[in-house]
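You will see two complexes here that share chain A, one where it goes with chain B and one where it goes with chain C.
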Partner chain A sequence: MSGAAARNRERGPFGRLAWGAYAAAMDLPERPMRWAQARLRDGRLGWLFVGPNLIVFGLFTFLPILIDVVFALTGGTALLPSQRPFVGTQNLAQLLACKNYLHPSSCYDDQFWYGVWNTAWFVLFQVGLMIVFSLATALVLNRKIIGRGFFRAVFFYPVLLSPVVVALIWKWMLQRFGVLNAALQGVGAHPVDWLLNAHWAFGWTVFVSIWAHMGFYTLILLAGLQAIPRDIYEAAAMDATPPGRVFWRLTLPLLMPNLLVVLVLALIRAVQIFDEVFVLTGGGPGSATTYLVEFIYNTGFAQQVRQYGLASAASLLLAAVLLVLTLTQLGLTRWSAKRG
Partner chain B sequence: MAERGGVFAMLTATRGRGRFDWTDWATYLYLAFGVFLMFGPVLWLGVSSLKSRAGLDIYPPRFLPYERAQVHIPGVDRTLPLYRVTAGPLAGRELAQVRRIGLMAQMVDPAHGGTVIHVPFRDSRPVLRLHAAWSNYSALLTKLDFPLYLWNTVFITVVATVITLLFNSMAAFALSKYRFSGRGAVFLLILATLMIPPTIVLVPNYLIASQLGLTNSLWGVIWPGVATPTGVFLLRQYMLTLPDELIEAARMDNASEWRIYWRVVLPLSAPALAVLAIFSVMWRWNEFLWPMVVLNRSSKFTLQLALNSFQGELATQWNYLLAMTVLTLLPITVIFLFLQRYITQGIASAGVK
Partner chain C sequence: MIRPNLAVLGLAVPGLAVLGLAALTFAATFAPAVAAHAAELRVMCYSDGNECAVYADLAKGFEKQHPDVQVRIDTVPYAQITTSLPVQLAAGHGPDIARVTDFGATGKYLLDLRPLLPDAAYWTREFGPVLDWMRQGPKDTGIYGLPTQLTITGPFVDKTLFEQANVPLPGPKATWDDWAAAVAKVAKATQTPFGMAWDRSGHRFAGPAISYGARYFAADGTPAVVDPGFEAMASRFVKWNQDGTVEKDIWAATGTGYRDAFASFANGQIVLYLSGSWQLTRMDKQVGNSFDWVAVPNPCGPAACTGMPGGAALVGLKGTKHPKSVAAFLDYLAQQPVYQAMMERTSNIPASASLQKASLHYGLSAAGNAALQVFLQSVQSLSPIAYHLQGYKYNQVIFNTTANRLAQAIAGQITLPQAYARIASDLRQQLAAAKQ
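And then the complex of A and B:
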């Protein structure tokens, strides 16, 4: 025990106190666990260790999916399922009732379809542009440059900022009397009410979410680039392969597994866009930047009449999309692990 | 084609050729623009947060926190704005404006007050002085309940992270070091949670939280997120690399399984625990949608919720809002400055955020 005593001396008085408290707390389950250990044979003790996690998952992840179904099949405004009348597929039918799916205004629940179409466009632009810029940035950062760590950190930094902070930073930039308009006027252009114009507001939600998340994907792609063996490039250089060919024939195919993973991850995130946009535009002007999760939040929580049934039905539709995407992601991860 | 080759040469070349050619220029230009675009807005937030309310009204905005100079003149019960005369016989003089009547301004010289001078208004410009309004920050402590929101956020972050580490490491321990019937099923179940992100179970979770009496309670924010598939997989992957002999040796010494878990496996998993701890702190500090659903009373607001509600209410009080935004991003920034390497490595290897 002299080792323990020596360690104790190294800890200092405060460290000793903290360690003592930690050890006392962690020793609390000792007796019940020993008791269980004596009775549970053939390693069933494992269930006790995964138990807390499973209870939380069960209560806040799996049970909720079932309740989602219950809510989707019942109507009214009560929160308790026992007080909600059964309406069958009425909620779903209400969401899907549409004369022309291309024109949300022709739908019974136009807000839902604005949400669907806005989200579709958002995903298309945000994911497409973000992957292009992440790849370009990763390629640049993979070059032999001075201060790579610094530049990598700068591109990554916004990833850690909270969506609310990100939105406020840009809201401040995009004010009517903000710095961007001042710069525009400085070069003789007219100031723009960036967030009050439907097209600009949409564009800015795309831009801001790329700004906030690009660093994450850049980092993954950079790791992929650095995993490509150097000698392949040396061999290509030996053969005097033109750089364009090296990129299309070597870099891109070798990076493909990472690119696919990044693509699906970005899709999963983009479909669920909410936080930044909610603070930046509040879904407006009109419904120009109302995305699906915002529709769910508005319907279930923000409106005078809380329509839990509609919100749950929309959640389930979103869940179906996410299910496909996540299964694709898992398949891809497996596939690239097997290939790598 | 030559140009296309050039672009790809810039993007694919990985080693310098000893000279600084145009592809290097393009690279550093790209990076400089990147720094400007990524960090510029944050810097702008930082300097703007030091501007007083009057300073924020200056348009076009100045980079540094300037504000319009004011002077106090004996005999006048209010402070007067200071103007510099730009034309006419008094050009270059700094005068205090008493009032403005039509196109003319009544000015007095602060040096020898009393005599009113009439100056055409368009021949004068306000005098700007550098002044960092630290009062934006000090006001947060007294006016806006900032300490309360900070406390709520810190409480959630710390408690949730401790519970997350405990629960996830216990599960990871069992999944990596035990063979028990149903282990495969448990593994699949945890994998399946990846397909059910919090955004699609908002309404049911609200019902469950309200049935458990967790609405408007910080615990309502903490509990739903303490079991994370990411954490379990990250820790399990790490624990798989720990030699089983250590556990066998501890069993020989008649250590209980619980003791083996927390005295042998946990200390050895410290690097993975540290990564998960950093992630958890980030997640919790930045969390927004679920807290917004479960916390309605402003006395329970987290910093993120407070920021969101102030940007609606205090639309005109940007000086306080900016200062509060800076204080909210500060802890994360400090963590990033010190642990940058671990964060980026952890993310690159685990592929999670």
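And then the complex of A and C:
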């Protein structure tokens, strides 16, 4: 008796019935697939497989980009493109009209430029500090320390939290009658207007964002550190190379591909900052923490006169920045691969 | 023997899953239509207190009279009404009825109920002035919704703190300057963090500004927000925020959008809270007997002693497939016994002319009833400018830019003259966009 027949007998009557139905169902696509293989050959068959994904990509990625361009070139408050008058580059011109780009208050749309500058400063501080802290944390967690698994989990845990939850937790800590001020008063110090002072509020948005996302980047760097062969460090130890030199000459160059990934991912994410800050400060005090995406949201959805065209034009400018960052990542990755 | 291969399995399983999902979607879409009522009315509703629950309860009476209609009240946060509803309506996918306050943003999507109502004259007689707020212009005579309440802005005061500080409550003709001085004195004597807080809203600011002479419109009727009266109140308000008389967090620490200061008042952190009559249920339930609270008449200025009128309405929406049922449901709610029950159970001031004269039995405490009487009396002292501003189609543009630009001035980001210039340019720019 063959093995298949024996297995068939072991299944019993219901098992055989279920297996038969299952096998028949599995055979259903076989005929059309054979037909497609015979007709399309290998060159075109690939399109059949990527086709569904291309349709999804076209519908949910490419089409929205096209719609965004249409909205950016039209005005009015109507949502349907057919009802929107063509205004050409008027929306872009309105956003870019400025006497002095360094002073948002001199620009026609000052809120946009507050958003641009706030985002630029945020990216600079948040990305820079996050990479430093992530690297330092990864280096520590890569060592044989007590409770290493526990600490790895602790640093990664905030990544699992919803941005709204993160922002609410910190809001309760930082508000005037919050936990932090209560602690300060407990030790006899004066309370601080953490979210009312523009500099403090900006600093806290940077800090909270780093706190929430650092675990993810630490994980990438940790994986990079663990991929570095141990024998290189053993050779360095035999040569009595000082630890600082080991870090700068061995660890950092070998970690560079991972650092590049972290840099670009962090940059893209920082440019898109919205949810945590929206809940934590609402963009205040004044416009001190109004970032670019919040400007887009306010312009398109939070005003009585919904200026979808202006919001779309700002989105296009943001997309251009993200495109440059993505191309930079691709270039750097290729350059890094060529260097070996 | 057939042996399933993995590649085929990989294609077949997702394929079957998609087919199953499609079948489920089909069933979910078409099955209820067979089983359910002939008409299902979806009502998008937000609550200040218990409004949506009361409407749902009252809808049962309507359903008994109209067994072929089912009313579903979908309770949503207020922010969804202001941000999501207009987008849904623009995309042609809104509810049948919605409870709204911003009639300008939803104006072009409103269903004219007049031809569908059995007695439109009753509506005009009872709700006449408020129906104007929902209209698109002086030539528009449509009836677009049922006013669910008339609201009046005005201050609530923590009387216990005044008594503890041994400071008398300023009289009915006291100015905002008198009140600012009094609450600062009380706050200092009782070590209360702040004298007062105003909801972060240009609507709340408008009452005091009109009292100090702001007119909001030029002689030709076009909006002209910044004038000496507006500047008089704006400069005072910014100064009070900066010297600690007003709780700065409410306006300055919020980037954009609305924020109320109820929690500060309920927690005893302020002496005076400028909000409005819609807070009565919350005051009664959440503050209760924690301290003695009273509503006081709107403080005066050189020009008036006014607050701002306002209100919400249940409006019918053009996209509905059941316009007759929408009109029938709103007409049911508008009839005096039902409307009276609605007002009494939600503790709201009626927009109906005959009920404004009748004595209603609210389920409020003695303090709540006393406060309600103060708001009812405040209706008499409302300035015509306040009514005109409330009825202006783009009033939210004025209110939003006022709040945002003054908040920037309070935060020290721009000066007051810069804020005035930006209020004027924001208004110009947004009105131009609206006309495109």
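Everything that follows uses one rule, which is that the second predicted complex is superposed on the first by the 275 of 340 C-alpha atoms of A that agree within 3 Å, B and C clash if a C-alpha of one lies under 4 Å from a C-alpha of the other, contacts with A are read in each partner's own complex, and residues count from 1 in each chain.
Just so we're on the same page, contacts are C-beta pairs under 8 Å (C-beta built on N, C-alpha and C of every residue); 3 or more make two chains touch, one makes a residue touch a chain.
Because the structure is predicted, anything quoted here is derived from the model rather than measured.
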One more residue to check, A:P285. First (chain B), second (chain C), both or neither? second
Residues of chain A touched, compared between chain B and chain C (which is higher): B
Which holds for A:G75: it touches chain B only (first), chain C only (second), both, or neither? second
Name the contact category of A:P29: first (chain B only), second (chain C only), both, or neither. both
Which of the two partners, first being chain B and second being chain C, lies in contact with A:S134: first, second, both, or neither? neither
Applying the document's definition of touch, where does A:S209 land relative to chain B and chain C: first, second, both, or neither? neither
Is A:N118 touching the first partner chain B, the second partner chain C, both, or neither of them? neither
Examine A:F301 and indicate which partner it touches, taking first as chain B and second as chain C; both and neither are also allowed. both
Is A:V246 touching the first partner chain B, the second partner chain C, both, or neither of them? first
Touched partner set for A:F177, first chain B, second chain C, both or neither: both
Contacts on chain A seen with chain B and repeated with chain C across the two complexes: 26, 29-30, 33, 79-80, 177, 278, 301
Inside the complex, what are the residues of chain B that reach chain A? 1, 4-9, 11-16, 27-28, 30-31, 34-35, 37-39, 41-42, 44-45, 48, 59-61, 166-168, 170-171, 173-175, 178-183, 186, 189-191, 193-197, 199-208, 210, 223-227, 232, 256-259, 261-262, 282, 285-286, 288-289, 293, 304, 307-308, 311, 318, 321-322, 325, 328-329, 332-333, 335-336, 340, 343-344, 347-349, 351, 353
Counting only contacts in the complex, chain A reaches chain C at residues 4-5, 8, 22-30, 33, 75-80, 85, 87, 105, 108, 110, 175-177, 193, 195-196, 198, 201, 278, 281-290, 294, 298, 301-307, 309-310
The answer for chain A against chain B in the complex is residues 26, 29-30, 33-34, 37, 42-50, 52-54, 56-57, 59-68, 71, 79-81, 136-137, 139-140, 142-145, 149, 151-165, 168-173, 177-179, 182, 185-186, 211, 215-216, 219-220, 222-223, 230, 233, 242-244, 246-247, 251, 261, 265, 268, 272, 274-275, 278-279, 293, 296-297, 300-301, 308, 311-312, 315-316, 318-319, 322-323, 326-327, 330
Touching chain A in the complex: which residues of chain C? 1-5, 7-9, 11-12, 15-16, 82-83, 86-87, 90-91, 102, 104-105, 193, 248-249, 252-257, 259, 267, 269, 394, 396-397, 400, 407-408, 410-414, 418, 422, 425, 430-431, 433-434, 436
